[in-house]
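I'd like to ask you about the structure that follows.
Read from first to last, the chains carry the letters A, B, C, D and E; within each, the first residue is number 1.
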Amino acid sequence: ADIRIGMAEALTGPAAKYGVAIKNGFTLAAEGINAKGGINGNKIVLVIEDEQGKKEEAINVFKKLIFQDKVLMIFGPTLSNSAFAADPIANATKTVVFGTSNTADGITGMGPFTFRNSVMEADVLPVTTRAAVKHFGIKKVAVLYGNDDAFTKSGYDVFKSALADQKITVTDTETYAKGDVDFKAQLTKIKASNPDAIVCSCLAEEAANIILQTRSLGMKQPFIGGNGFNSPKLFEIAKDAADNTLMGSPWSAENIAPANKQFIADYKAKFNADPDQFAAQAYDAMHIVTEALKQVKLSGNPEKDRLALRDALPAVKHDGATGKFAFRRAAPKDGKEAGYDAQQDAIVNIAKGGKFVLLK
Amino acid sequence: MFEQQLINALTLGSVYALFALGFTLVFGVLGVINLSHGAIFMLGSYIALLLVSQFQLSLWLAMAVAMLACGALGVIVDFLVLRPLRRRNAPHLSPMIATIGVAIMITNIAQGLFGAENKRFPFGTIPEDSISIGNLHLTAVQLAIVLISFILMIVLLLVMRRTQLGRALRAIAESPKAAYLLGINVEGLFLLTSFAAAALGAAAGVLVGLSFNAISPFMGQPMLHKGIAVIILGGMGDIRGAMIGGLFLGVAEVMSVAYLSSDFRDAVAFGLLFLILLVRPSGMFGKILERKA
Amino acid sequence: MSALLHIENLSVNYGHIQAVKNISLELQNSEITALVGANGAGKSTSLLAISGLIKAASGTIRMAGEDISTLSPHQIVQKGVVQVAEGRAILTTLTVQENLDLGAYTRKDKIQIHRDLDYIFTLFPVLKNRATGLAGNLSGGEQQMLAIGRALMAKPKVLLLDEPSMGLAPLMVQEIFRVLKEINQSGLTILLVEQNVRQALKIAQRGYVLENGEIVLQDSGQNLLHNPRVIAAYLGA
Amino acid sequence: MLEWWEGFWSIYSTVIFGVGINAMLALSIYLTLSCGLLSLANAAFMGIGAYAASMISMQTGLSFPVALLASACAPAVVALVIGIPTLRLSGVYLAMATLGFGEVVRVIVLNLEITGGPMGINGIPTKTEWWHIAVILGLTIFVLARLRRSKIGRAFEAIKEDEIAARLMGVNVAGYKLLAFVIGAVIAGLAGGLNAHYTFTIGPGNYAFENAVDILTMAVFGGTSNLLGPLIGSTTLTLLPEVMRSMKDFRLAANGLILILVILYLPKGIWDPARLRGLRSRFTKTSSAKGS
Amino acid sequence: MLELQAISKRFGGLHVLQDVSFTMPAGSIYGLIGPNGAGKTTIVNLITGLLRPSSGHLRFNGKDLSMVEPHKITQLGIARTFQNIRIFKEMTLLENVVVGMHDDLNYNVASLLLNLRSFREAELQAKTRAHELLSWVRLDHKAHMLADNLSYGEQRKLEFARALATQPQLLLLDEPVAGMNPSEKTELMTEINNIRNRGFSIFMIEHDMRFVMELCDRIAVLNFGKIIAEGTPDQVRSNPDVIEAYLGKEEAA
């Protein structure tokens, strides 16, 4: 029988650039798995819905997937904000919800059916800053982040405490808002504070623009970024202006592990574009679920199967495009049972000649 | 730092002004807040991008074609959507809502055609280096935007103030019926206005796309918010107002970052707008007819 | 003499209300024709239909032999049929000067336009004093003068006037009628809708009486002035 | 049958809740529009109501009715304070000032600790039942319908048509405008409070420009000449995306097209009594030869 | 009842009114005439609170009006019509008139919401009276039409009825017969006389001399913002200054 898996991602609206990459990652993985005979002979069928990056839509889509399409589990939603609205529905109906792009704090606190393989910033950023201090000999930095977005804001929070822990002086902290394209005012102020480097919790496209504008103001400082920087977009837009940018992430296009090389090659062949981290994490997530499902005997009764999947998932260990992966039980919140976060090592990369290479 | 911030303010303000010129033109003449202006702005950017990157057209030619194409789209929208509404004596909010529909359609089709992610013009389309005088920096596109928006404003202003065409447009703005009685080809001028406004929007789109490397189907939306603020701040449909309003907003935003906190950039800008409206209820250049009865 | 403007079997509806029913009017070249009738008789409606601002349900309007009933309003103005509409249609947010300039919108003869402007200013000196002020700030009567002045700036062949004396002081009313007579003598054809029936019929060569959308009487101005039915209904005993 | 209903309800209950909430929002803007005020503050008021109610539910032990009360009162107080200076503005200037106010509210909420910054407030307990929405919506409709038939409704309409003439008819224009503004804020705030208690989470982005415009669109789309219009408009526009879900990629473009077509063919909104009256009279005219 | 004391009004550099003083006795019909742009409408705007005088005082029944808001002035018993008609176009004739009764409809929120008898009776009464007022101006057959569909002259009449609905002691008419033909004027003249006989006082601006002279008890003449004559119609009519500035030989004759 087919295994129906729901996918609720933002396929239209401003978050679509992530949602579409994620969808590509899933379809690529599912096709690959099906081509190899599926899971114990069963084919994966993706039930794809667009949640537009809006919370009400996410709730509606989750309900439709769970009650009408009777999917086994749901991947998504794209944004953490939507996850806060929709994941409680999955937990209440005892359906596994698996986020591949939700990095905000507290996502897995929503219940024991919540899983994610998106690595929390708290695991990655401290590693990156430490590497930066060592590599560039940094003493003081300025910080720039998007303050109206859950992802960039929580990245900032982590940076802030990491910088404090590592006793790095912050010369100036600046923010911008979604949709801003001109960062010169903030950068001029940063310039006046004369930092050794600029720490930036931003998404790739904003980051690229910020880097270009920094250079056009005659500033030479290197950038330190998080997950958000990990995209080919950065170089499509900024090219080698981005050189010397440090970025930590579990996935790197430079990672020469066979699983990753395979992924990148397949992705390019199918979509005629370079994959990014969002696609990679989605790709891996599908494989992680596959591993779990291999251990499960599906009964055809959705309620039973959902429970079985949820019991099988935590034990999965996977070595995929993003490297070695395991689940880690999240700390229970307010006495409520929690779900599972990703346990993965971050790789620190440095930009050289228009691409990220591993920092030695 | 202050001097650099002033330059930042001027360039940002010019971007707003450039966007607002076409926007305010439609508003001034047709009396419609055309919420599809942001989408047309975006489309202009994409058309030029496509021509430059796929057909290797020169930038200026691409820009001209983008302006023509968007102008034509503006005319089509006017012909198919706004004109029937005028004919039917629709209440004044209906055209605005209809333009929301237009914006949704254009944005979605653009996303379908071009994808959701940001694009940029190919490297080398324009000189990337910035012009530096001492410690002050300005890129060539930014300089171009400042100059172009000033020149366009002055041209438009002269047309509106000094020519019979401008007077006719203002007559239409106040009362199409009166304009008809004066022998003005009202429908023709509506189409002309829609064309000009959309072409201006496209030009703004190309320049903004060039200077910020962030061409996306959604780039029009934030600009639209600012554009609305600018035209209201300047006074309904006033060309000078669009310019001054744009510069004012630019200065307010940049200076609030420079001397307050970037957290409150938008709040300061919109808060100021709020206060200015309380002091001058029809914007900075809005005419007030004192006569009551 | 021949009819310059020829209106035949004109009907106008508002929804299912028939405001003008099958009327026929002829404006002879260089004559003043008066159209009188009670409130709501359909006078303004007829004028708006001639100018093309309301679509007629049926009927033809010919200007110098040419059918203008299918033209759009601005084309009708270009043919020389200009109207001073009810409620004045002053552009309140433009200056007095700009209003007058726009009056000459369809003209190209710069020098003559300038001369005509001077003529308007001698007719209505207030307008000259207030030329740079907003038209909306003018008093009611001043606006009426502006409306008439602006229409004259178009150098019309046929002038349609909807209650030009409304709101004007007695001296000014006399002045307006004097001016109308004067420009008529210089060859302008005028259709005059007036509540000041006596004055209107005095200067009109011919007159029509409109009641409930229908023409009930037509005669020379002098005859109508002495027609008992007109006296009873419109001149007050 | 019962089973079918249960299945239907479990999928679509949120959509149906959404219909009710949007109906309240459309009514709230209808009220100010009926008084000639183009106020776009309703999204912000909804947000204030939502935050007030959620904070009470999350941080105090107080009951749901208290939270709802707060969601009505907090926006009312704010409306009172900002209404006095702003309502002097007219037309689009008022629209802009109220949008500006909304923006200020959004940025403040974004930067405060207690409101959770950009993350908003998460894990709000679900307390809203269908009948809460039904009762409050019903009450709103009832009150607005009664107001319409009274001197207050007439005063609103007179103000909309001609403020100066209304003043000289003895109508306290400033007072009535403020009244409309405040009642509108109360309705929007209640909608916010109810909405927060079934969507688990609220954030500063939920009450911004787009939402304000959406609310306006629902009202204008349905028609603003009486109460039924906003109800029809909000219901159609809430259900439309669900109905169109199968169109996938072109769903939004189709939404846009439908919006345009409806406005084009029904410029005064779907529910336009004058047009309906016209249709009816044409009908009766053709069916009975007497007429006129 | 109405007293203007040394009223001046400036718009920017334009002195529209200078030291205008006159007193209008209760129960009378008082006329204000003068050339176009003399400042007549401005005076009405001052009385109704739409404009504030630059200097001087306005009193109504002894009460100073200078700081009173327009709607309170209406409540004090002053109503007006407008030179440029301002009716509520999208409302029916009946509703237009009932708006004028706004202040007299005394019911509380509870009776409104619960549709109590006090509410229903007040509304019914208002509508009945509105019909009556419409019949005074012969528009009752159109009571349920939208006001926008009226012709110009009909709109004037509606405005008149609406003003009466506020139950004013003083009615200010700004060119009430503009756009009416002589027989309609005669009709309205009878109407106005009737109204005066019911105890209203009337202040009117009008350019129709037959109308003014026949109706008014006293007339003031305004020229360039100054009163140049005041007195009975006959006195005014024969005043050479008035003939020179306003009437012209023909009307005086």
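In this section, a residue touches a chain if its C-beta (ideal position, glycine included) is under 8 Å from a C-beta of that chain, and two chains touch if they have at least 3 such contacts.
Molecules present, by chain and UniProt name: B, D = Branched-chain amino acid ABC transporter permease; C, E = ABC transporter ATP-binding protein.
Please read all numbers here as calculations on a predicted model, not as lab measurements.
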Sorted by label, the chains bordering both chain C and chain D are B, E
When each step joins two chains that touch, the fewest steps from chain A to chain D total 1
Among the chains, which is located farthest from chain E on the basis of C-alpha centroids?
-> A
Please identify which chain has its centre, taken as the mean of its CA atoms, farthest from the centre of chain D.
-> C
Could you give the separation in Å between the centres of chain C and chain E, each centre being the mean of its C-alpha atoms?
-> 29
Can you check how far apart chain B and chain E are, centre to centre, with Cα atoms defining each centre and the answer in Å?
-> 47
With chain centres taken as the means of their Cα atoms, state the distance from chain B to chain C in Å.
-> 42
What is the distance in Å between the mean C-alpha positions of chain A and chain C?
-> 75
Mind pulling the chain B residues that touch 2 or more other chains?
-> 108, 263, 266, 290, 292-293
Where in chain D do residues touch two or more other chains at once?
-> 110-111, 164, 249, 252
Each of the following residues of chain A touches two or more other chains, namely 12, 147
Interface residues, chain B side, partner chain C - complex = 164, 167-168, 170-171, 173-175, 177-178, 180-187, 287, 289-291
Listed in rising order, the residues of chain B that touch chain D in the complex are 33, 35, 81, 84-85, 88-91, 93-95, 97-98, 100-105, 107-109, 112, 225, 228-229, 232-233, 236, 263-264, 266-267, 270-271, 273-274, 277-278, 281-283, 286, 292-293
Hey, which residues of chain D end up touching chain A in the complex?
-> 7, 10-15, 18, 110-111, 117-120, 122-123, 126, 199-201, 203-206, 241-242, 245, 248-249, 251-252
Any idea which chain D residues touch chain E in the complex?
-> 142-143, 146-147, 149-152, 154-155, 157-158, 161-162, 164-173
Residues of chain D touching chain B in their complex?
-> 38, 85-86, 88-90, 92-93, 95-97, 99-101, 103-104, 106-108, 110-111, 164, 209, 213, 216-217, 220-221, 224, 249-250, 252-253, 255-260, 263-264, 267-269
